[in-house]
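The structure follows.
When the chains are written out, they are named A, B and C in that same order, and each has its own residue count from 1.
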Amino acid sequence: MTNEALQNLIGLWFPNPDADKVSNVVEITETEEGSEETKTQEPINPSLLEFSEEESQFLNILVQPEQLHSLMKQLKSNSETNFDYLYCLSGVDWGAELGIVYHLESTTHRHRIVVKVKTADREGPNFDTVSNIWKTADFHEREVFDFFGVKFNNHPNLKYLFLTEDWEGYPLRKDYVDEINMVIK
Amino acid sequence: MNISLGITKTIHDWLFSVMPEGLASITEMVLIAAVYLAVFAVFGLYLVLLERKVAAWFQLRMGPNRVGFKGLLQTLADALKLVSKELTGTEKADKFLYNLAPYFVIISALMALAVFPFTQEFQAFDINIGIFFLIAISSIGVIGILLGGWSSNNKFALIGAMRSGVQTISYELSIGLSLLTMVLITGSLQLSEIVEVQKNGWLIVQGHIPAIIAFMIYMIAGTAETNRAPFDMVEAESELGAGFHTEYSGMKFAYFFLAEFINMFIISAIATTVFFGAWLSPFGITESIPWLGVFWFLGKVFVIVFLMMWFRWTFPRLRIDQLLTLEWKYLLPINLVNIVVMAFIVWQNLIIQL
Amino acid sequence: MDTTTVNSNFKSEEYFINMGPQHPATHGVLRLLLTIDGEIIKKVEPDLGYIHRSIEKMCERDSYQQIVHLTDRMDYLSSHINNEAVCLTVENALELEVPERVKVIRTIIGELTRIASHCLWWGVMGMDVGALTTYFYGFRDREMVNDIFEETCGARLTMNYNIPGGLMYDIHPNFIQRTKDFVAHFKTKIPEYDKLLTGNVIFQKRMKGVGILSKEDAISFGASGPVGRGSGYSCDVRKHHPYSALNKVTFNESLKTAGDSLARYEVRIMEMWESLSIIEQLIDNIPEGDYKVTTKAVIKLPKGEYYQKVEAARGELGVYVISTGTKNPYRLKFRSPGFSNISLLNHIAVGGKIGDLVASMATLDIVVPDIDR
């Protein structure tokens, strides 16, 4: 599938309830129609997901933490998308926000996609686990837990994988300070 | 006249002339034990060297070649190092059993040496149940291994010890039965008589097909009995670290190590005695020079020792369940059938006499 | 009672054993917490991080040229391919077209690296199942590859031959001849490997039907490289996302469908043949030209996100770079093959014996610095 087709398909899964009200379209058949309708006022996204292809070689989907798990489940189980291979799961500290980047590939269709989820909560960030969808996420999520302090709800075995139990702080966060072990230039 | 016999006879006579009879016998026994101990300790060390050289040969390497001429003193140097090393052990070990274990292993190994007929009349102890004695003694060694593994208070050692128990009990059967097959021909357990019978042809020739089967089973079981690859479940360095002797160091470790090699020698020596005519030369070519028997005996032993080394450096290790399957499902039934076949052959007098 | 509460998670027959961090079969400082019932494995829990150097954090501080040097220290047995991954990421981001010569040389050395890595794996594989002799046979042939590397790039293991924009130096004049000699030599040696180990009845019994990984599980666990391909999962990055000169050569993806330890073993042996064939196709056709394009002294990637995957000797190595347009990456993540592969160890080892665990672990071909990064 091309990125555009993917965007059209996946966008429909999570329709934005607000998009309806503003853009007076009776039925959401075409997502672009909706955005044309409301162009004059302000561009309201017809989907709860944000799509972008800027500054990346893949289609990026930004999803709200609440929708993360159901989106991921659909991405894998839907036969047209069938993203059965989670090849990279990275935690990222965007400064104000913490987030996870999921790189997905389908071994049947060979298309690739990137899903991102962010939260502004730096004290107790938590997302739903995807380890029940892709088994590889088990270890990758534990790695993120180690280094970013992001908790994963419903994770079967969420404890430090690399760090010792008594480690303080989250080393890969940007605000982590360790004057002894870190060489800063 | 036998050279070795001459010397021992002189000493014997001299001892009995200067001491009362009882004391003289004890002194004589101690002397013989000391000689055996010294000779075989050094002998064991050279078996280690031989193994290292053979391994190197198999593995495209040079092997030890720095200490002494062509590395001949390498293992002596190793032994010196081990003697001088600190004896470490675990704090929670059962100290008494832990210290006892290596002696069990090494003593049982050395005890077996007493009965081998190295050449005519050169035999420390010609017991009339020779074969039985050998089988009995060689299975005592496993108690040492079990003790060592258990008392070390280390799980890897314990697994190794338990494996050893399972393995030895199983393969003991095959060793016993395969030797029993040969005893059917000789009709005696006494080693000197077994040799006597073989003057009409080595038993492996006399017993032809069943004897060859018995020898093959004996070699497999014997390798397992000495805990050598491909049956080295007990040590299994890639699985258990060092198995039962994980917690031993210095000289205590050296005892285990030395015992392994002496056991290898014993297994080969039994095979030589029972299957290959002990010190008898092939076709009696050196019958007129009896002391050459020692060289024939050792020569045959070394061929079999080499065979065991060959196994070790070419085969991967079996898994514990495969090890037991091999014994109980294959070797044991074959062995039992083999005994019947041998009995039939002896009954019908189908043995080959040269 | 105290003991029952402490051990409430264990059944009475089960006990707990600590395999590693110093253990001969864990190939480095990997620690496995095993729950065992007699000889039977009930649970394997890897405990990682004993040599974690936080390479990802170091990358955020270093320039792109420096990062290349850090990647050697991840999977040190496929250091060249790791270097290549970072260089390709940087070159793609800069939209830099490297000369054909560079691409071909990178591919040849990459495949030589793969062979060297598989040689070492083969030796260690034999050692883990108790055949100590294989180790020396594997090393004998690996040594020849290392000699070739040494002549060309001055290093045997951590080569650093790639730089963003090309290669550090041109190849040594002897390189082509020595590589040809090696290919001819190694073709006679793989059958020897088969004779010594593959055909051995004990070995076959140890490997067949042990550590089974189904295709679905392989994908779900993110298995890649020979581990995935042993389960019939077509995951060769060289086939699906070819890079450097790999689109110029024809080769078969080594696939086995059994999914057991033997299948993973056979895949690696087949891969050695394929790598030889790739080298043969390229070695006579190294195009003339420059060995690098000059880049600026300070490389700044345009703002954006870049992902590049390559097929390292152990599987798919991914480099994920987030750049904010400065001379350092904002975030750099290495998706290492070993990390995903170790996570399926519990799945394939449970129910087997201790010996099976060691054998299965050997077929995963783990390199601990690759897992820990």
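For this structure, a couple of remarks:
Throughout what follows, contacts are C-beta pairs under 8 Å (C-beta built on N, C-alpha and C of every residue); 3 or more make two chains touch, one makes a residue touch a chain.
Not measured: the values here are computed from a predicted model.
Chain contacts in this assembly form an open path, with each chain touching only its neighbours along a single line. Nearest to the global CA centroid, when each chain is reduced to the mean of its CA atoms, is chain C.
The mean-CA centres of subunit B and subunit C are about 45 angstrom from one another, to the nearest whole unit. Chain centres here are Cα means. That of subunit A falls 28 Å from that of subunit C. Centre to centre, using the average C-alpha position, subunit A and subunit B are separated by 67 Å.
Of all residues in subunit C, those touching subunit B in their complex are 15, 17, 23-25, 39, 126-133, 135-137, 140, 196-197, 200, 202-203, 205-206, 353-356, 358.
Against subunit C, in their complex, subunit B makes its touches with residues 55, 58-61, 155-156, 159, 229-230, 232, 236-241, 313-322.
Contact residues of subunit C toward subunit A in the complex are 47-49, 52, 54, 56-57, 61, 217, 219-222, 224, 233-235, 240, 302-307, 309, 316, 318, 320, 322, 331, 333, 335, 339-340, 342-344, 347, 372. Residues 54-58, 60, 84-88, 90, 92-93, 101, 103, 107, 110, 114, 134-136, 138-140, 143, 146-147, 161-164, 171-172, 182-185 of subunit A touch subunit C in their complex.
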